[in-house]
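Below is one structure, written out as structure tokens, with a few remarks after it.
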Amino acid sequence: MSLNPALEKKAYSKEHQAFLNGVLRRKRLISVARWGILIALLALWELAASLNWIDPFIISSPSRILGTLQSLWSEGTLLTHIGITLYETIVGFVLGTVLGLGLAIALWWSDTLSRILDPYLVVLNSLPKIALGPILIVWIGAGTSAIITMTLLISLIVTVMGMLNGFLEVSKEKVLLLKTFGATKYQILRKVILPASVPSLISSLKINIGMSWVGVIVGEYLVSKAGLGYLIVYGSQVFKLDLVMTSIVILSIAAALMYEGIALLERHVIKQGKL
Amino acid sequence: MHEKPLVEFQNISMIYHTLSGETHAVDRVSFDVHDGEFVSIVGPSGCGKSTLLSMAAGLLKPSNGSVKVLGREVECPTSDVGYMLQKDHLFGWRTIRQNVLLGLEVQKKLTPENIDKAERLLDTYGLAEFADHYPHQLSGGMRQRVALIRTLAINPSILLLDEAFSALDYQTRLAVSDEISGIIRNEKKTAVLVTHDISEAISMADRVVVLSKRPARLKEIYDIRLTASSESPIERRKAPEFKEYFNQIWKELDVHVA
Amino acid sequence: GEQKLTTLKVNEVTHSVFYAPQYAAMNLGFFEEEGLNIELTNGGGADKSMTAVLSGEADIGLMGPEAAIYVYNEGKEDHPVIVGQVTKRDGSFIVGREADEDFDWESLRGKTIIGGRKGGIPEMTLEYVLKSKGLNPGEDVEVLTNIQFDLTAGAFTGGTGDYATLFEPVASTLESEGKAYVVAAVGEASGEVPYTAYMAKKSYVEKNSDTVERFLRALARGQEWVNSHTPEEIAEAIAPSFADADLDILASVAQRYKDTDAWMTTPVMTEDSFTRLQDIMESAGELDQRVPFDQLIDNSYAEKALK
Amino acid sequence: MSLNPALEKKAYSKEHQAFLNGVLRRKRLISVARWGILIALLALWELAASLNWIDPFIISSPSRILGTLQSLWSEGTLLTHIGITLYETIVGFVLGTVLGLGLAIALWWSDTLSRILDPYLVVLNSLPKIALGPILIVWIGAGTSAIITMTLLISLIVTVMGMLNGFLEVSKEKVLLLKTFGATKYQILRKVILPASVPSLISSLKINIGMSWVGVIVGEYLVSKAGLGYLIVYGSQVFKLDLVMTSIVILSIAAALMYEGIALLERHVIKQGKL
Amino acid sequence: MHEKPLVEFQNISMIYHTLSGETHAVDRVSFDVHDGEFVSIVGPSGCGKSTLLSMAAGLLKPSNGSVKVLGREVECPTSDVGYMLQKDHLFGWRTIRQNVLLGLEVQKKLTPENIDKAERLLDTYGLAEFADHYPHQLSGGMRQRVALIRTLAINPSILLLDEAFSALDYQTRLAVSDEISGIIRNEKKTAVLVTHDISEAISMADRVVVLSKRPARLKEIYDIRLTASSESPIERRKAPEFKEYFNQIWKELDVHVA
């Protein structure tokens, strides 16, 4: 705790060196195991496909995926598809975050409002929003706006509830402290509730981003001219499962990267603020 | 004793209403706190001590009776009263300086003089070099001192301390209460301290108010006169009369473990 | 084009070589010559395409006329009007797990066949054909209707069913992979039916009669062009509309549609074929009430366009 | 706290009566507002549809939904559809809970395993599982098993992560206490980790049930002959948007009821155990 | 004093290794605890007191030196040693009886005699009527007594108490430590108590071990001899020598608030 690592760096004892080596060895082992599993899986897949143990036409194979990737790249459409899906996801995510925050603040502000709306929130929360897909296009029309609406539908309520829970978990005593200074409700919001909820806000973002991806893919299934979801639909329409698998691989990488981005932000904020 | 009392508890009663029933917390309590005085309040757990302080701070309205501060009836929190809670509740996302200025910020009194005064307090009580640190970098005792300075920064006439030291470990607690009592006497503040620790109550206060178990009634008020070499609580604990007071109050409280 | 083009939003039910005349007209510039800029979206199902039309999201939709019949029968005031036909036969093929040169419908007896979703025209046509061949669906042959349209090929390849009805280019793709063999064309057995047609809301057609006419004129040229060119030429002309597609497959698919006589040569729908469509729907139990031909079909624009 | 409400019931003071009346009045107000909103919305909807402000063909209307409900009921298929969807949801939910618990225990048991698998879990967690729909059918085949697999795909990882988090949040000191008695790892699991995580397990169930509904609906979109998801698909295919809306209404009621069931269980357990 | 010591700390050193560096927690500490003795350990926060107890309980291995209990080197937790933590950690999902039997259950010693013994303990110390209650229905003091009985149920030769009273409020704390000290002496147990509270350490113990700040070195061992009317800690506090010991140890600890 109060140790200054910089000062002690030179003076590591033999035991400590051994401990550090042990930690390092374990870390390496884990890293090797992780990559090992990945490589083994890919190799097995490739092998199984090339020896026809499994049908590469159906299950595809790493080399076929690479090939598809390459041809998409040389056609110049790869980045367009990724870009469109990313754009929709980010718009949905940002809108969801902003609207979610606003709604959560409103519900925090008025206890009466929040109690009145409670049953509606439960229904909206538990309803599988996917079911609304078919009527959504009727109402919103087929276009990017429908995709983004789908995304919002899927992500908004979860985000609002996560954020509101965060607000309500802020220690009553911190709020009391502000009240002893005669703070207004707005000041309590600004000076305690919001800053104290930063960690829970970020963990809502982690859920929100996942939901946004789901929303965009569902949206693109319903209506789209381009994007990764479109590629999946198109690929299965013309039965190019390589294209489907390739899109899924890209999708999983993109989604994982975004999630990790927010997780990184989270660790940074928590480290920074020691909240 | 002095001229006009600074705080007057006048025939205070308090009944809490909840769905599961009503709780009679305080029953017709009256006492005064004079300018410059240090009053301790002791009483069994849950008897209504915090309730009394909350009413003085304007956070609660008594069901009956009234609390007056500086002759005016308390309606809502004002900068006349500084309230210090059990935990320091420093905000982890603010530096020590920003934490200290919190009250002024809320009360929209961030004038250069006030900021100056807060800086001077930090300086006087050995925290100037930590002004740009974050709370987690400070020890428990230092944090509690910062919390006190945050309260002093709004320049209250009276300080209310609700078990302000009980979150600290024993040795730190002795040292911190010593220091904080020094600061309070130094700044010539009036203070009311709620505590469970009888020794702490006696060693810090000019008077000790003993409350009955719930509903809190006034049982006794002890005027503490100790022949000690200094005002420091640690010194005062060594006074010969100390044990006398302790035994009397201990008996008065009649602690029985349920 | 230099002059200002009118943008026309068209929603097609799916993206398929089946609609080659449309892509030919697009890629050969016929629409532009009529002053039209086509903005094409893929509905992925007649329900969604029809929805796009009804909600004004699309000006014109390309889908099976049955969608218009459903909407008309639901009592919608401003119902869609069919203005031009593209295909005249069911475009699906029965595929089996083995090549079968002398396929007989009787060989389906006691087997399981993957059809389309209930209520969709492919499924209804299939059942109609089966019945006409003396096979009673559900008794003599089991028809699986539980799989989403996009996924039937996958399910078949994954081992479900003895036969499946597949559209192009999937049938050709599977055939070239040796996963499935086309044994019969449903369209050949069903006779002529209006299978895919352009439709727009009544109010839209009334307000934009000029645009509709120009659209149909360009389409008619596309139909004429496809009719008079070889499959290889067709493949080349439509290739830009099919990303990542193999010219050979496009050509073989085009060949197959030519062989089965799937494409209309003009956009004009005949009352005969419309009647057959309603027969099919009625026999599937999906038609509450027959719709008069002249209520739903307006050939006047197509006829004008042909002049 | 130590007050005995039974004893005091008769002896309510005037002030307390006034307080209780105030609480009651507020409760009534909220209840009135909730029903008021519902009724107003329904009335507005009906009115708008019957006056043709909105197109009842597309947006349906309460009376049309009631009519559809009635005709489904008299056809005798209503309960079949609801039953099938409920069955699939419950099977998916139970399987997801059991498998999720098993996996979470495995990951808790071996820290190394959990660290090795961590990146895989992140990818699986952030990937929108909906995207796997098209290849799922190829791999699993078309049938109820595909629906349940989809459900598991969607719910499992979230459930595992929720449960594992619950396990890891159990107070270290409670575990230490057991260690002072010389408890084995298995005993620690049985006697502390599992019982102490009951609240977090239940809150995982709340997420799991929501995900199961989504999974079943998505699954029924992909392959189905019956069920609420099927009704939605079929209804939109034959342009019976009333059928679509009716199914959505039933769905939202069923999902909300199930969610509330688990929430009730949660409140009960928390009240019971005062954990 | 007595024959063979029950616990022997032999030249114990402990170094913690973490990624951020090494922490030298305990440095060559040796002392013995004899049968039937009550030893208190005091020392500054974070000096390594809990570390010492953990080693005696077999939860930690010293980096150097060894701890012997009953002459055998401690390797892992055994039923010879009962460990009591700061909080009671009663399991909310178990009744009081089930909580008390927890240790026996884990050690697979749920014999009728052992169960009987536990029941007798509950009975003797006034908890029999609460045996089927749940922990949340008990007061803090009662809960702490249950925690002690849970520890006594496994019939340890030695009890290790790590700030076992510090989570209680002051008055309850006085009463509970009085009671628990009574129980321990009654059951003729040997005990080691870690505490920050010097008065508590003196009032309960036969000897007080004072540790230096980290790394903990043995600073001094005080043999406490008080002329009190009874063994009760509250009575012992009133002994004339009490203040003497307090002042000595207070000075020895040299508390300075950082």
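Order of writing sets the labels: A, B, C, D and E. Residues in every chain begin at 1.
Operating definition for what follows: a residue touches a chain if its C-beta (ideal position, glycine included) is under 8 Å from a C-beta of that chain, and two chains touch if they have at least 3 such contacts.
The chain list, named the UniProt way, goes like this: A, D = ABC transporter permease; B, E = ABC transporter ATP-binding protein.
None of these values were measured; they are calculated from a predicted model.
Enquirer: Could you tell me which chains make contact with chain C and chain E both?
Expert: Touching chain C as well as chain E, we find A, D.
Enquirer: Which chains are in contact with both chain A and chain E?
Expert: Shared contacts of chain A and chain E: B, D.
Enquirer: Name the two chains that are joined by the greatest number of C-beta pairs in contact.
Expert: A-D
Enquirer: How many angstrom between the C-alpha centroids of chain E and chain D?
Expert: 47
Enquirer: With chain centres taken as the means of their Cα atoms, state the distance from chain B to chain C in Å.
Expert: 84
Enquirer: Which integer distance in Å separates the CA centroid of chain A from that of chain C?
Expert: Centre separation, chain A to chain C: 40 Å.
Enquirer: If you look at chain A, which of its residues touch at least two other chains?
Expert: Expected reply: 58, 134, 138-139, 221, 233, 236, 241.
Enquirer: At least two partner chains per residue is the criterion; list those residues in chain C.
Expert: 47-48, 51, 54-55, 150-151, 154, 157-158
Enquirer: Going by the contact rule already set, what residues in chain E reach two or more other chains?
Expert: Not one residue of chain E touches more than one other chain, so the list is empty.
Enquirer: Which pairs of chains touch each other?
Expert: Result of the pairwise touch check is A-B, A-C, A-D, A-E, B-D, B-E, C-D, D-E.
Enquirer: In the complex formed with chain A, which residues of chain E make contact?
Expert: Chain E residues touching chain A: 15, 17, 19-23, 46, 63.
Enquirer: Chain E touches which residues of chain D in the complex?
Expert: 171, 173-174, 176-183, 187, 191-192, 195-196, 198, 273-275
Enquirer: So in the complex, which bits of chain A are touching chain C?
Expert: 55, 57-58, 71-72, 75, 77, 134, 137-139, 141-143, 221-225, 230, 233-234, 236-241, 243
Enquirer: Touching chain A in the complex: which residues of chain C?
Expert: Contacts found on chain C: 11, 14-15, 40-44, 47-48, 51-52, 54-58, 150-151, 153-154, 157-158, 169-170, 173-174, 177, 179, 243-245.
Enquirer: For a test of understanding, state which residues of chain B touch chain A in their complex under the given definition.
Expert: It is residues 57-59, 76-79, 81-83, 85, 87, 89, 91-93, 102-103, 105-107, 134-136, 154 of chain B that touch chain A.
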